[in-house]
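Both complexes below contain subunit A, partnered by subunit B and then by subunit C.
Up next, the complex of A and B:
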């Protein structure tokens, strides 16, 4: 007990430090960009002979450092996996989390990131002219491979987005399973949308709405700062809100983790049903034992299976059809479609042109060319909306069915899909190897 | 109960996040029908009356086609240069004399010895106190445009707005040096002069103060051209200078404070020797909109004399009691 208290005291100090650090960073990111701005008027009155410099782009990270990042990722993943599975050390997980916040977060400024790399991979698959950086591909594949074997050890402390939320957790609130399941649908929607927008080369929305990137880069718009601040505030009460209810990459990791052979186990030996671990998981990812009497009989299971076999396809078709009706709304996020739409509605007699319209007109591109390009994109969105709708219908159906399925369990076991291997529960288990 | 409240609060926050992101992604922001590059100058023209420390006590009209430059001599006589002419008034604004000038005299200066120096295009005219031409010399360079001039102990400092440099000449027209050319090793960033307003003056210790209008800065140089001091204040508010190039003109009070005038936002202010804003002499509402070239001078009683080219007036401001 005293060891647990000592451990809690130590982790509390780290948490306090990280909380203070985060608050400082938030203050810096919110104010400095405004101070740096300078506005000037009116226009100069005569020619100054000034020539506009050619816009330059920062060089890409050198191959060596890109590979070094991959090396660090593998090293961190291996270390944390060993710490969780062999050493069963929560303290080790915390140490790796702090390292990830510092290295992948502040030093590498949150990029390259496995969560965002999902979009690079999608873009590479759908737009052959896009050449995916090897580091982005590695950051996408390696955590998935590790998860397939060892569970979500990447989420535990290597992902800087997960790590920053994890260390800020102070007073976790418990959620009912149904609520978790409902909110847990959001990542699937987010995944579907991010794939759709990346596949149509519209936008990388995961990066656009990454709540922590602005903090890691000391550079955030007010909007980014606001969502980042809300997520950090939530992290104090809800364990890993971004990971559980937003992260699209988490969906893929969840799928992989379900098949992991060497996933973390709460007890290193036979479970003695002491129930000490029962409330230890802030994510609600511990499956409780299911008594035999709750088990479903075969006829009713068959009946349910037939019902679901009919309901799920119906849900998929309904959802796909519904979303396909909104494909034009979805496509408006694309700048070409949005500009074409704006030009169609533009009335020169009654309206002032927007900056975008003015820029397009001054570029001299024929409007028909824009319209035909936009039409192709809208068509892509029509197909994409059918697929996305079908996918969401399937997810919704499977979620419904999972709520009604009873699995017989004797012991307390981690939910392989939902468990992020944070190792909190390990400390509560009195069983020794 | 506490847990339930926390849960409700958390779920509301989560849904708020979803709403914020979805709103930003799917809903078009209303596009402003205004020109987004246009400033609301009307708002910036408003000055808190408690900041205005001076009042206008006198003014007089100048009967000329156009007026450009202003200077005072040691007896506080007022010299106004303009198109083809130079006017001289006493400190009460009573006309004393005038003399013809060949061309537009954009600036004028009266040295301690009484010599009247006029900047006319790329030419410097040095006149005796009685008006007779003593000497005349030209600044080399196709773009040369003299916007301000000062003289001390036979050394003439000429602000050249066209070539963005200060020339140092002897009063006989012999070139000595160039001051303010970009030299980062010496900490000189070079003058940024996007408009034909580029002023200079001599400070209380004989140091040369030059306005670097594009940087909203004042820079002090010694007679060798070394940078000895500088301050800059960029601000859209009253505490600094805004726009492409301000201040357009400067003068110095007996305590070393700077009097500055601006264009765009037509106003005259006092800045402390440190550069910090002190007070307002005249607010934009006291000038015609669009007035430029408010040349300044300070007399022996620290009255601020302003040339208003729009109204063709000399206007005198004194500290409120």
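Up next, the complex of A and C:
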């Protein structure tokens, strides 16, 4: 109908209108008996003057907020960037953190967030029929752009997931470097898996296992509440456990931040190597100066470089091959694949059909159609597993090699990738502007 | 002198990477720019696909579920013996709790005139289990239908019920047409 109306408004030709109207009448008259047949008990004609209530169709929450959120995001990002880089104020960061916990967290109930929008973007890139809401795209791109220029100021206090952990940090413990590096690999795996599952339109695992959204909504399963509570308890002692060891969006921010132009510096002027800031970072993201004697000579560096350039591709191929062997297990998360599996193993005379099997049978789609669709998805997982494996191998290799590389540094500087610009270290620096 | 050269090189590489990262961001935005929709999408149930499995009541992230039974009065036959209200094989047609199909007593039965009764869903009590929907569809006109009630739905990025739905009845719908009733209402709206 709406197409017809659109057509009419576009052309407004009387002759066409008449033909369409007659067609419409024909449709109605031929359609009515069919509809009446569909309705087993026709609607009664009431004599008591009964008025029929209106079918309730509650309106959705207004769309206005979706765009307003983007506006607030830009405002909060600009404000916190100014507070960190120009005012160098930890108190300002705290204030913005509290604001975003209240606004993005409790008021907007943590959805859509930048971390999750990563999946919308992936889904939109790989599935042609999905169109992405503008707000989701904006939430994905804007923090990355800011990070590319100013470092991870988004993490510092705008992201509601990071902010809630940051304000709870009471007694940070320092972690061993090797432990940090090993745990720091989890976000890459998480990122890879979430991209794989979003690209195959299987699931949004980041949203599904978001530990804090249940707390922001005061509503979650017991399992998710416990995970959220564990993270919050942990974040009193370990700085931002979710951000550092799980957040997949943090990986992208980390990459962007490495090349940021105006990243936060610990000292406003020149570092005097007083070592006061040395232990100030709860994230362990301060690079210490390297004593000259550690510098390695050229031949051994070349040897190491050759070794690494052999090891890394080998690692990539190995892990890609390993993961590709598990592509069917990865694909089982997909509902279509799991249903096809179930149907293949289903014996009608020996087993009770599950809800899925029953629903599929009642829908009447041919089994072959489902099997071929599932086969396509499994094939996608096979390719995806190779790529994911290669990516993870590369990450492992580079992490390993980064442990053995000593960049020459004279001053105490923040590690641009790991630093979330929380501004805690600033007050330790005695140097005046 | 040599140190300065080294520093320059590092800066140069950094700048190159920065441009590469910026270009890839612009690229992604550009590719997706024509795929955006200005408004949000909402989740809704296609009533023609729904099999009333009962998972809407348990899978929603909101408790009780944002899926509610909505009564399309246009389709209702106002039956005395209502398949959506009464359990099968009830002895006497009364509003007694033992006769009601709804586990939470969310359907109000009101006498109108001789053989006709009106059935009203009390939304606050409805948990979206779909038992009445099944009954009405099996024995009646199918005027009771499960729909996502958008004033309760928090519009998750990925609907938790959609993931668990065995009949693939959930889909994203544009915000200007947020309900998908089947049958009369749809024909009327056209």
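Assume the second predicted complex is superposed on the first by the 369 of 433 C-alpha atoms of A that agree within 3 Å, B and C clash if a C-alpha of one lies under 4 Å from a C-alpha of the other, contacts with A are read in each partner's own complex, and residues count from 1 in each chain.
Just so we're on the same page, a contact is a pair of C-beta atoms (placed from the backbone, for glycine too) under 8 Å apart; a residue touches a chain by one contact, two chains touch by 3 or more.
Predicted, not measured: the structure shown is a model, and the values here were computed from it.
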Which of subunit B and subunit C A:230 touches, first, second, both or neither: first
Touched partner set for A:345, first subunit B, second subunit C, both or neither: neither
Greater residue coverage of subunit A in the superposed arrangement, subunit B or subunit C: C
Partner chain in contact with A:179 - subunit B first, subunit C second, else both or neither: first
Partner chain(s) touched by A:209 [first = subunit B, second = subunit C, both, neither]: first
Touching partner for A:310 - first (subunit B), second (subunit C), both, neither: neither
First (subunit B), second (subunit C), both or neither touched by A:241: first
Partner chain in contact with A:355 - subunit B first, subunit C second, else both or neither: both
Which superposed partner A:137 touches (first subunit B, second subunit C, both, neither): second
Subunit A positions touched by subunit B in one structure and by subunit C in the second: 38-44, 46, 48, 355
Interface residues, subunit A side, partner subunit C - complex: 1-2, 31, 35, 38-44, 46-48, 50, 52-61, 63, 66, 109, 111-112, 116-117, 119-121, 124-125, 130-137, 141, 144-145, 148, 203-204, 207-208, 214, 217, 219-220, 255-256, 258-261, 335, 355-356, 358-360, 362-363
Residues of subunit C touching subunit A in the complex: 14-15, 17-18, 21-22, 25, 28-29, 31-32, 35-42, 49, 51, 53, 55, 61-63, 70-79, 112-113, 115-116, 118, 120-121, 123, 140-141, 149-158, 160, 163, 166-168, 172, 175, 178-179, 181, 183-185, 187, 189-190
In the complex, subunit B residues that touch subunit A: 3, 6-7, 9-11, 13-14, 16-18, 20-21, 24-26, 28, 31, 33-36, 39, 41, 193-196, 234, 236, 242-245, 264
Subunit B-touching residues of subunit A, taken from the complex the two chains share: 38-46, 48, 171, 173-175, 179, 183, 186, 193, 205, 209, 223, 226-227, 230-231, 233-234, 237-238, 241, 245-246, 329-330, 332-333, 338, 351-352, 354-355
